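In what comes next, subunit A is part of two complexes: it sits with subunit B in the first one and with subunit C in the second one.
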Partner chain A sequence: MKNRGLAFKLILLILSSVTLIFLLIFGYSYMYSKRIIVENVEKNATNLARATVNQIDIVLRSIEKVPQNLSCVLGQSLCSGNELNNLLKYIVQNNKEIYGSAVAFSPLAYDDKKERYAPYFYKSGGEIKYSDLGKASYQYFFQDWYQIPKELDRPVWTEPYFDEGGGNIIMSTYSVPFYRTVDGEKGIAGIITSDISLSWLQEIVASIKIAKTGYGFLISQNGTFVTHPKEELVMNETIFSQAEARGDDGLRKIGRKMIHGESGFVPFRSMLTGKLCWMVYAPLSSSKWSLGVLFPQDELMADVARLNKTVIILGVIGFAFLLVIIVFIARSITRPLSVLAGVAEDIATGNLDVLIPEIKTGDEVGKLAQSFDYMKTSLKQYISDLTETTAVKERIESELQIAHDIQMGILPKIFPAFPEMSEFDLYATIEPAREVGGDLFDFFFLDDDHLCFNVGDVSGKGVPASLFMAITKTLIKTRATKDMPPEVILNQVNQDLSEDNPSLLFVTLFLGILNIKDGTIEYCNGGHNPPYIIRAGGEIEAVETTSGLALGVMEDFSFQSKRFVLNKGDALFIYSDGVTEAMNTEHKLFSEKRLEGELYRLKDLPVGDILAGVTEKIREFAQDEPQADDITMMIIHYNGSDDSVI
Partner chain B sequence: MDLNVKNEEKGTLVSVTGRMDAVSSPEFEKELGRLIGEGNVNFVIDLNGLDYISSSGLRSVLVTAKKLKGVKGQILLASLQAVVKEVFAISGFSTIIPIYESIEEAMTAL
Partner chain C sequence: MLHMRLKKSCKIVISFAFFLIIICVAPAEGGDALKKVSFIPQWVPQAQFAGYYIGLEKGIYRKHGIDLTIITGGPDYSPSDLLMDGRADFASLWLSTGIQMRAGGAKIFNIAQIMQRSALMLVAKKSSGIEKPLDMNGRKVGLWGPVFQLQPRAFFRKYDLTMRIIPQSFSVNLFMRDGVDVASAMWYNEYHTILNCGINPDELTTFFFHEHGLNFPEDGIYVREETYRKDPALCAAFVRASIEGWLYAFDHPDEALDVTMRNLKREHIPTTLVHQKWMLERMKDLILPEDGEDTGMGGLQIEDYSRVALSLKSMGLIESVPGFTSFYKVISDKDEK
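So, the complex of A and B:
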């Protein structure tokens, strides 16, 4: 799923949802229709059973009527043998339900001479036949149909039996005792019977047609099968022996309920086909028999099954149709998308001239393609602009680099300066910041004995500062002449810078003049950091301020000079604020305190090495923090003059 | 660098915190220029929160002072930290721009 395409995911999701919905609807419809059908089946089955029971009852009642009526007649008067025979014959002839009918007299009840007498008329081969059951071979005294009603002293339906020597068929007999009063005492004079052919009853029950394999059966009050489509069961088996044979406890319970005259609707397995059925059972009201009717489930559910089959087929067709449509839709979405993905890959590798296919769907994908095209064009434009800008920037940077080189170029570069002069050693260093800066330093002789030196720092950075620095340096060089004290030089330079200074740039400047013969330094400080004197003894002193203002700020400012003396071995250290304001990554300043400490530590080294040592220390301090300002240092070490020694 | 402008009875109090260097000082110059353009002429600049000022920062103060001179206004600096005060002293700017110990003193002096 994870690495499959969009189309696959779409298809999977939609189809599984549709399947789920379909199954839910189908399941519900199946359950619901099944419930309705079962309800209908139960109702119909109960009605059918009731109707059948009624039908059978009618038959049985009509059979019962005959001996009942006859018993009344025979109870009143004793008719002659002929009369009785005619009556019986007439009864059998005119009651199609009745297979045969007999009047079995109690011993000697008919005739003092006759121990047994039982005229019997029955149907055989379309004729009415006569038989005297009193014959020795029949022994009716021992037959159930005679004995049971006599013993119970009431009418009885017998269990099914084969009437051997009598009707010679399987039958059931309704026996009614009749009475006579002899010597004022009422006693049973005999039993009147009417037989029903079980095969004939079977036909009635078999006429119950239920679907294809449904059937009905009757059991007697003992559970013996009276009718059943499986003929060998009739008379020979009971519902309980069947239950035993099948090991079916349910059947036993049903049988028990049936012989108790209950009715019900239960699921049941057919004794004929073994199929699942529903069974309705109901008692007959005439005899104590019970009717069972079986309804094969599958046949009754055939309609539902057919409906389900149709629904499933429709579902499958719809499913296939949906699949085709979704595949089509998914493809139509993903095809342009994969084309776009390919194009995007092309663009990603830098090919901005790739042609974006026109997608005229007007939907989101179409819009995406449009946006994509727009993006490509914009990107192309942007890159072209960027290339141009970069070129311009590079040109400016190279020009700035040139400006920087020129700026550095106007500063003295060879150290020690004046190696031929033994009176002093002078070193200077400038560590320019990345941008063009505004620090400057210079030194030159005003005459044979006087060395003019200066260190300055123009406010701000960049090209304006560097131009201002160049102007300042040139002005100092041109203004400073022989015998001119420092304050005059500064006054004049300040005047020149202030007169026309629209951008209000200014420069801090320390300017001193060293008399190399005696070490005297006359100086003027225009707002610059006070330099340090490193005494030969190791003391570090800051040079006293002259309260001068930075140059270029105010016209007509009056600078003051002061002086001090460098003795042999003393040195003067001048620096720009790039030194003390060098910053580390935590934005801490290098500070005067640290500088003084470094000077003290390095004081005994050769002068050139002192500057290198401080530079090294600043770098170490600043670590990765980019240098923000020029770092300028100058050191003049006074060695003393030969003259002064003399 | 952060600027906080407050109009007081006698003038405008501008509190500066952070650092004034080549990057941030044009902002100071612009904001003060705007305030002057709105007609404010008397300023007290509270530098209590200013940790560092470079020569660019000094220049911005100078540019502002020059502008105010043109409209007869004034700019007073108040409660400077030692390191900043030293920069003003060394550069000589303290001789042309008045510096006060506290805002109250500066306000009184306006």
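So, the complex of A and C:
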């Protein structure tokens, strides 16, 4: 996802949201339509069950009437054998629902000599047949249809049974006791029955057809299947034995509710197809049997299922359509973007002449392309400007370089300066902070014995300082003549510099004149750092100040000279403030103290090496901190004069 | 049905005749030939007799040198009659029936007491308020024929109950409709039928006679004295094969039920597999009671014998108690070759 393209993310997010929405709507509509169908099914099922139960009950009730009426008749008067037979025959003949009817007398109730007597008329092959159930093989005293109403002392419908030796069919019997009063005591004189063939019930229930596989079934009070489309269950199994066989405790619970005369609407698995069904069950009010009617869920839901299928197909088509559209939109967004990305890469490699494709969509991408084009043009302009500026800068730099060369050129640069002179060694270095600097140094002989030397530092830096420095140096050189004391030179130079100084620049200057014969140095210090004398014995001492001002500040200033003597082996070290004020990265100064220490450490080295050593120390100290000021040093080592020795 | 029954009778007669011939011929053929014998159980070929039928099916009797014919029992056949008149060599009878016959002079022996525990029971609905024996007093109880009445009557006497006895048929409907408060039931049969009429076990109060000191073990194998004396080895072989058959049935209930269901279907007797399964499981409990004494299968305990015989005598059903050894013949290892 993270590294996928915009189009992929767009498609994924939109399609998954759309799918979710679709599924929610679909699920809701499915649940809702299912609920409506279930409600309708429940209503219809209940109606159907009620109608069927009524249909059966009407018949059973009508059958019940016959023996009930007969029991009243027999309770009143004892019919003769023939009368009773005719009555029974008439009943069977004229009630098409009654399969057979009997009057079974209690022991000796019919006749003092007859233990058992039970005339029975029944339909067989279109005729009415007679049988005496009192025959020994039948044992009617032990038949449920006799025993149960007798023990309960009330009419009952029997469990369905195969009446072997009697009607010889599967039937159920409605038995009604009748009573007589003998010796003032009322007692059961016998049982009147009317039989109903179960095939009739089976037909009614079998006529219930719901959808393709829905069916009805009837169970007795004991849960025995009275009718069921699955033949082997009828009269053989109970709903409970089926529950046990299937290990289905739910079925047993439903069965118990059914035999207890409850009605309901429950999910139920078809015993015929195993399909999930809804079952409505309701009791027969007459025989207390229970009718169950099954409604196969999938068949009743077929319409909804078909609708769902269509909805899903439409959904899939819509999904595909949406996919195409989104791909198209995503492409129209990402195609110019990827072109722009390519162009940007091109630009990044420096090709600013690449053509930005024209995108006329007018949307954000179009604006982006325009901005891109503008950016490219601006970039190009900027680079062209930059090139020009760089060229100007380079020219200036090269001019500065030339200026540097010239500046360096006007400074003496061959050391030792006077190799033919054995009396002293002189070394000097200058390191401008920029191309051109404001420091200066110079030395020259005024006559054979007097060496004029100076070190100066112009205020400010760069080109103005360098020009001022060049003027100063030239002025010194031209002003300094034989036998002229230093204060005169400085006075004159100061006057010259001060006269026309619009930039208000000034220069600190140390100027000394060394008598090489005796080592005497007459000097004048115009506001410069006091130089150090390194005595042959190792002592380092600062040169006494002459209280002079920097040159160019005050035109009429009068400088004073002083003198000191360099003995053999002594050296004079002159420097500009670039040495002591060199800074390191922590903004600490190199300082006089550190310089004095270095001078002491290096004092025994050749003079050229002393300058190199100090330079190195300053670099070491400053580390990466850029040089802020020009660094100038000069050292004069006095070796003594042959004359003075002489 | 009648036609079928005739056919069955013919078959039996023919096989009997054939059997007689074999009896005569067998000795001539020597000891290795299979001995033809017939056996009659008390009732239809339900799981109550699964051990015999599976033994026949699996060739266990043949292995013991017996060519067995099992005569299909049912309401039309009295095993005691068939045993006495020689139509059957072996018969399954209740212990009480066997003792009554012996006491009445019938020359028969018990050679194995297959059931160790009485399956006969009384059952009542808790809704009728019966939770203990005394609750039954004065209530209506359904009882079957005389042989099924011994234990209930002894039970009523033991708890001093005066009952209204109602003859009970072989359906449970009278009890189901509350025509009686207490019903007789065989644990392996009617009790399960009641459960399958939608009554839950916890809605029933059960009285197992063996839990009330009235254990009258039921099914045992009986033989005529004459047969026993002539060929004790055959009797031993029959008993051993029967026990082996029972053990096989308990170890392979699916096969045993398969045979049972096939036999019942052949006889057009409606039943359900779950009912036969229940019956077979109960047979195991009755034949090999888990908490019973480990006396080996098929043994008749003298205490059981005395309990039943004395009870019969006290009820006046027998005049004197036959000697235990003259009634029960232990099958020991030496009997069978």
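Keep this in mind: the second predicted complex is superposed on the first by the 455 of 646 C-alpha atoms of A that agree within 3 Å, B and C clash if a C-alpha of one lies under 4 Å from a C-alpha of the other, contacts with A are read in each partner's own complex, and residues count from 1 in each chain.
Keep this in mind: contacts are C-beta pairs under 8 Å (C-beta built on N, C-alpha and C of every residue); 3 or more make two chains touch, one makes a residue touch a chain.
Bear in mind the structure is a predicted one, so any value in this text is a computation, not a measurement.
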#### Entry: First (subunit B), second (subunit C), both or neither touched by A:255
second
### Message
Which partner chains sit in contact with A:617 here, subunit B, subunit C, both or neither? Use first/second/both/neither.
### Response
neither
### Task
Please indicate which partner A:123 is in contact with in the superposed arrangement: first for subunit B, second for subunit C, both, or neither.
neither
### Task
Tell me which partner A:603 touches in the superposition: subunit B (first), subunit C (second), both or neither.
neither
### Task
Examine A:236 and indicate which partner it touches, taking first as subunit B and second as subunit C; both and neither are also allowed.
second
### Task
May I ask you to decide whether A:554 touches subunit B, subunit C, both, or neither, giving the answer as first, second, both or neither?
first
### Query
Is A:223 contacted by the first partner subunit B, the second partner subunit C, both or neither?
second
### Message
Quick check on the superposed pair: does A:562 touch subunit B, subunit C, both, or neither? Answer first, second, both or neither.
### Response
neither
### Task
Examine A:629 and indicate which partner it touches, taking first as subunit B and second as subunit C; both and neither are also allowed.
first
### Task
Check subunit A for residues that touch subunit B in one structure and subunit C in the other, and list them.
none
## Note on the structure
Residue set of subunit A touching subunit B in the complex reads 457-461, 504-506, 508, 526-530, 545, 547-550, 553-554, 577, 581, 587, 589, 628-629
### Message
Under the definition above, what is the set of subunit A residues touching subunit C in their complex?
### Response
141-144, 147-148, 151-152, 156, 158-159, 161, 164, 221-224, 235-241, 244-245, 252, 255-256, 259
### Message
Please output the residues of subunit B touching subunit A within their complex, sorted ascending.
### Response
19, 21-22, 51-52, 54-56, 58-59, 62-63, 66, 83, 87, 89-93, 95-96
## Note on the structure
The residues of subunit C that touch subunit A in their complex are 1, 140, 166-167, 169, 171-174, 176-180, 195-198, 200, 270-275
